[in-house]
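Take a look at the structures below.
In the two complexes below, chain A is the common chain; its partner is chain B in one and chain C in the other.
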Partner chain A sequence: MGQVVAALVGGLTLGAQYALMALGFSMIFGILRVINFAHGAFYALGGYVGYAVTGQLGMPFVVGVVVAVAVTALLGAVFEILVIERRIDDHLATIVLTLGLGLAITAALLIVFGPRAVAYHFPIEGGVAMGGAVVPYGRLVVIGIAAIAVAAVHVFLYRTQTGRGLRAMADDRATAVTQGMRPKILFPVAFGIATGIAGLTGALVTPLFALSPSIGDQVLMVSFLTVILGGLGSMSGAVLAALLIGLVESFTGIYVGGQVAPLLLFCVVLVLLVVRPTGLAGREVEHV
Partner chain B sequence: MRVPRATAAAVAACLALAVTGCGADKIETAAAAEEGGPCVVEIGTLGPLSGPAADFGLSMKGTADLAAYEVNQAGGLRVGDRTCTVTVHPYDTGYTSAGAANAAGDFVSQGIRFVIGPLGATEVTGMKPLAGRNDMLLVANGFGRDALEPKYPLVFHVAPGPSVWAGPIIAEARKRFDFQKVTVVATNDQSGSDIADVNAIRFREAGLPVTQESYQRGTQDFAPLVSRILSTSPDLVDVASSPAGDAGTMIKQLRQAGYQGAFCRLGGESTAEIARVAGGYEVLGNFFFYSMVDLDDPAMKELSARYEQFAGREATSLTLGWMPGARALLRAISAAGTTTDTKAVAEELRADPLDDASLGHGVWTGKEEFGVQQEMSFPFYAGFVQDGQMQPLVRLEVS
Partner chain C sequence: MSSLVGTARGTLYTRLVGAEVVALAVLVVAFTLPKLTASPFVLFFTPTVIVAVLATLHVWLLLRVDLLSFASPSFMAVGGYSAALTASRLTDNAVVLAVLCFAIPALVALPIGAMVLRLRGTYFALVTFVLAQVTVLLVQAGPAWLGGNSGISGFPPARLGESVFAARGPLLRYSVVLGIVGVLVVVAVTLRWRRHFAGIKENEPLAASLGLRPWLYKTLAFAAGAGIAGLAGLVLVNQIGNAHPDSFSPFMAVNHVAGAVVGGSGSILGPIVGAGILSWLTHTFAEQAEYAQLLLGAVLVVVVLVARDGVTGLVASAARAARGLVDGAERARARGPADDAGEAGLRPERAVDARPDEPALLEVTAVSKRFGGVTAVSGVSFGVAPGEVLGVIGPNGAGKTTLVNVLAGQLPPSGGTVRLAGDAITGLSPGRLARKGISRSYQQTSVFAGASVRENLERARAYGTRWIDPADLHRLLARMGLADRLDDRAGDLPYGLQKSLGLVLALAVEPRVLLLDEPAAGLERSERRRVDEVVAWAVDRGCAVLLVEHDMDLVRRICDRVLVMDTGEPLAAGLPGEVLADPRVISAYLGEPEDAPGDQDDSRVPTGGGVS
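Right after this comes the complex of A and B.
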């Protein structure tokens, strides 16, 4: 029983982290049609900003998380305005540009904070006993905040004027523009929100694990996997896929072992994509 | 698209000229160095210089830097009738076999023939073929079971692996800590599994039941692994050669999940880094580890101060522990009187008495385990953290 609870909570924590990352990744792709290869680097940057504010300046953890969100969101929006905007319809150029930004962020972190992992810890110690397993409070906090963040993004996209505008841009950019939607405002907003979410995830999750400059590489890979499984551009699909991947990773990790777990995870994804090539919630696009 | 024949022929001729030109330039440079031009001995060094295992790679780079600094401060390295400057060329492998192979290619293209490194077993495996084909001399560290092989006579071991020191350290640890059941955790690649296998054998030889767990390099969340470990109820967890960042995270998560037992690290020494990531020495609780040197030893303090003088940061015990190997390599280059003939340098290195100014007298080992006597073995230490407090190191000898 203890192992089932541990697997469930572990899977939900991983799923929450992947969901937040995939949500932003999917948002940028769905609205801007840009694959953001700097997404993992924004995650690492969020962690380091949180660490700098709490660990080095001595501010409360919450302040660190808020500053991390603000910094990553601002950087993302500025990058969209100054760089991406100029090459928005050139897919290869945006891939190279975001890849370059990711490398630049990682290199900057390496120079400023050094290559070794830094001591960035969650402020709440201890855990709660559940069915024979001890679940750290930190994990419960992450799951809770991730759920709130996902709900907030959903409300923003479906209940606000700006959100509707963003969805309209995602559905049919040309028509949306003729209806008065302004990509020069909406695109930086979408990019900023997405990178802000990556920063939030980094600031929130890395204290539970470890924080080093290249930490975003693996996260980027899983985010990519998640959005493909969920259906490129589908935000609900991304969240669903993230939870599925988190749970598969956790349960196979416990019951099968670390040697085979990654292989099994990719097998599950492979089978799902063969059965459903558009992903869990993706749509088929008719080519004319 | 069709390319006119004349254009294709012209392009091919230009490429051929360019390639020939590159090669000629390289040969000329090497020849000039032998004939009395400015003499520079370039030492390659490689390892993970970023990421969770950066502590290891930077320590190895630190060794190469310190050895070069020492020689250059003393006026240079005497090679035949010339005095040479020693420079260091580092390469970040990302702790991968492919990264090490790329480094070997880079060194070959730059004419670098002497290398301090690589570091991990998987890196050594990745580098040996290319290094062997190009007569590159490696003073490597990898703890892999095939780290040294008779078919690679230019590969030396800068220090012995756990097969030499794990047994004595376990015996010493049992005098202090009571443990009956062990779990050994490592990455599922050669750098992890080779060391974990050897450690498991040594624990079993000590009469202790052992379970082994592995994980994918790059794992962030060790919760599934923690659950698996807890399900076997060990009272000692050996994080073996896991990168320091991973080991620290694992220890932190095991403590959060309620694990009360001891930890050990029978792998490369990174205690300070592990403690920092885990949340401090009190989180480690009872912990023992292999260390190449005693940082409180006056000779080590002096060497450490020398390192700090030029590097501007503290030396790790790995940096200092690998110094005798680096010094022996430079001595051998000097004795052989050549900066290009690695076979002649290897001959001199095999004959080196391993008398080191800082670590004392060492012995050549490796014949029994690898079939070649090319492993430098100096006295080593068992380190202990008891109830969260660091204890004085215990000196042990190679048996």
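Right after this comes the complex of A and C.
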């Protein structure tokens, strides 16, 4: 029983992390039609900014998280305005651009912080006993914040004017633009929000797992998996798929063990591609 | 027509020779260098560069068909492990190793390609990235003979007779030969199918409607690319003496993509130059890899923003600028003598008129098309006989273009059957339909915009099995005003001529059934005469013509029968004069009588009156 609870909470924590990452990733694809290969790097950057503010400057953890969000969101928005914007309609070019940004961010982290993992700790120690297992508070906080963030993005996209504009851009860019939507403002906003979420995830989650410059690679890979499973561009699909992947990873990690778990997951995704190329919740992806 | 082929051969020849010169130069360097210097740097560094070049060629080749592949480490792993397993269990013969390390990845690529090549653009890039990860996981979790996390080592190096390609000069020579073989294979594939690749990259729907089977050539590029990456795996494994999962990390693909981008996708030299630059960068900053990575990131961004076609693109455009004056003069001279074939006009009318009594060539029965809950076409049936022109009219949104797309194979029908000369052809792909003789034109202009008019025609000829008589083609080009524009870039032609070119392409594949989707839309009155000529040309050759059109004068003039569609359903059918006078047809166009029109354009409205 204790093992089940531990696996469940572990899976939900992983799922929460993957959901936040995939949410931003999907948002960028859905609205800008850009695959953000730098998404993992923004995650690592968020972690390091949090670490620098908390561990090196001695500020409170919350401040570190807020600064991490601000830095990653700003960097994302600026990169969109200065670089992506100029090649927005060439999908292969934007892949290479974000690849370049990802390489540069990771390299900068290596230069500033060195290649080794740093000690970045969650401020709340201890845990609560649940069904025979001790669940660390940190995991519960992460799950809670992730749920709030997902809800906030949902409210933003479905209840605000700007959000409606963004969804209109995702549905039919040409029509939305003729209706007065302004891509010059909306695109950087969307990109910034998405990279900000990646930064938030990094600052929040890396204290629970580990923080090193290349940590973003693995997270990026899982984001790919998640959005393929959930359907490229579908944000609800991405969140659902993320929880599924987190739980599968956690349970198979405990009950099957080792390298079989990720392999199983990847193969399931590849098989799914054959059966249903649009993913679990995907609509027909416009071939850009 | 002979001139048509001549020029194409000329550029092909130049490009082929360019590649051969490079290969020869590399070969000479490879065989002299180890004798000139036994510098450990050259001995070690050259195979590393060759691995990078071959892996980058994989990316480059797939960019030819507009696919960004991150699967290079995947197929490198297949090649590398094939090498290790073959050498340790079967044979260490260098030639056998090279053949197997190309063939096995290429074969493995076939089923994978069948799965992932349906995806395009961004989706394909994502999936190949995941594929590379799966490969590593498979090796790690796989059976014992794959070596798991510790890899395979202790196998003999490749050998041929007395020579053992283990270290120093011999290893270098083997690597260089493999590199050259790889480059030559890619050059051969790219040149042989350059038109097919270019058509897929530039305008896949058009290429398919001219008879190209895109999946075939994408699979071909994918398999060849996999083989090339396999050779990279062989060079790598033979050099370091072991096959290890860490050597094939999916993130290596980033370097290969970077090499292809930095070098440029326009020229075969691109991946070679790009991989060379990247290897040099890695080597120079070997002590501070993070600075190399920072630089690489910045370079990628700058290249994409400033020099789309990479380093080789920059060089080429500089060379073009230098040659510009000379070329311009030559071109002006070449254009000088006017083509007198143009004056000859169309062939005199054969005594073939509409043959509505003959059995229908194209037979459409109860065809429907639904998009989710929306029914775009519902229960449409008709037949078109050879030499007959069937007009299809109806207000916007009536489902006319959807009907054409279904008949041309671009959309699978939701129901009903289509027969061509009695054979069921329902739901066949555009490529197969084009080969059976169903050809179409597009409502919007659809040409290979980046290629010359001549090259557009050459491509159309390369894609299918049917082709027009050269003398006829010349006449047709002259009548459509294209005879003296053969060397112009199709995308630079004015709108009317681009549409004309689309019509010429559709006619040049000698169709039995010609589907024309609003050929006159957007043309000025004088240009609309070309539509009459195209239809007359097709009728003259016993072709069944389906004409979707809004220009009622045109419909009256050239259609034998008219089918009226409204909201996806057939509304009326019959002789043009009768149908256009039908009150139901008029109200479908103009709305109900009470909101009768004031200022509609006469030519677009069936008034039942006389022909203007």
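Throughout what follows, the second predicted complex is superposed on the first by the 277 of 288 C-alpha atoms of A that agree within 3 Å, B and C clash if a C-alpha of one lies under 4 Å from a C-alpha of the other, contacts with A are read in each partner's own complex, and residues count from 1 in each chain.
The rule is short, and it goes like this: a contact is a pair of C-beta atoms (placed from the backbone, for glycine too) under 8 Å apart; a residue touches a chain by one contact, two chains touch by 3 or more.
Worth saying up front: this structure is predicted, and the values here are computed from it rather than measured.
Visitor: In the superposition on chain A, see if there is space for chain B and chain C together, and answer fit or clash.
Guide: Clash.
Visitor: Between chain B and chain C, whom does A:L110 touch in the aligned arrangement: first, second, both, or neither?
Guide: Both: A:L110 reaches chain B and chain C.
Visitor: Going by the contact rule set out at the top, does A:V248 touch chain B (first), chain C (second), both, or neither?
Guide: Once the two structures are laid over each other on A, A:V248 reaches no partner at all.
Visitor: Would you check which partner chain A:I215 touches, where first means chain B only, second means chain C only, and both and neither mean what they say?
Guide: first
Visitor: Classify the contacts of A:L45 with the two partner chains as first (chain B alone), second (chain C alone), both, or neither.
Guide: Neither chain B nor chain C is touched by A:L45.
Visitor: Just to be sure I read the superposition right, which of the two partners does A:V96 touch: chain B = first, chain C = second, or both, or neither?
Guide: After superposing on A, A:V96 lies in contact with chain C but is clear of chain B.
Visitor: Classify the contacts of A:A170 with the two partner chains as first (chain B alone), second (chain C alone), both, or neither.
Guide: Neither partner.
Visitor: Of the partners chain B and chain C, which touch A:V269 in the superposed model: first, second, both, neither?
Guide: Only chain C; A:V269 stays clear of chain B.
Visitor: Looking at A:I35 after the superposition, I want to know if it touches chain B, chain C, both of them or none. Which is it: first, second, both, neither?
Guide: In the superposition, A:I35 contacts chain C only.
Visitor: By the touch definition above, which chain A residues appear in both interfaces, chain B in one complex and chain C in the other?
Guide: Common to the two interfaces on chain A: residues 110, 115, 217, 258-259, 262.
Visitor: Quick check: in the complex, which residue numbers of chain A touch chain C?
Guide: Touching chain C from chain A are residues 29, 33, 35, 83, 86-87, 91-93, 95-97, 99-108, 110-111, 115, 217, 221, 224-225, 227-228, 232, 258-260, 262-263, 266-267, 269-270, 273-274, 277, 285, 287-288.
Visitor: Within the complex, which stretch of chain C touches chain A?
Guide: So the residues of chain C in touch with chain A come to 63, 66, 68, 115-116, 118-123, 125-127, 129-131, 133-134, 137-138, 140-141, 250-251, 254, 257-258, 261, 289-294, 296-301, 304-305, 308.
Visitor: In the complex of these two chains, what residues of chain B are touching chain A?
Guide: 49-52, 54-55, 58, 188, 213-216, 218-228, 231, 244-246, 248-249, 253, 256-258, 273, 276-277, 279
Visitor: Which residues of chain A touch chain B in the complex?
Guide: Interface residues on the chain A side: 2-3, 6-7, 9-10, 13-14, 17, 110, 115-119, 121, 125-127, 133-134, 136, 138-139, 208-210, 212-215, 217-219, 249-254, 257-259, 261-262.
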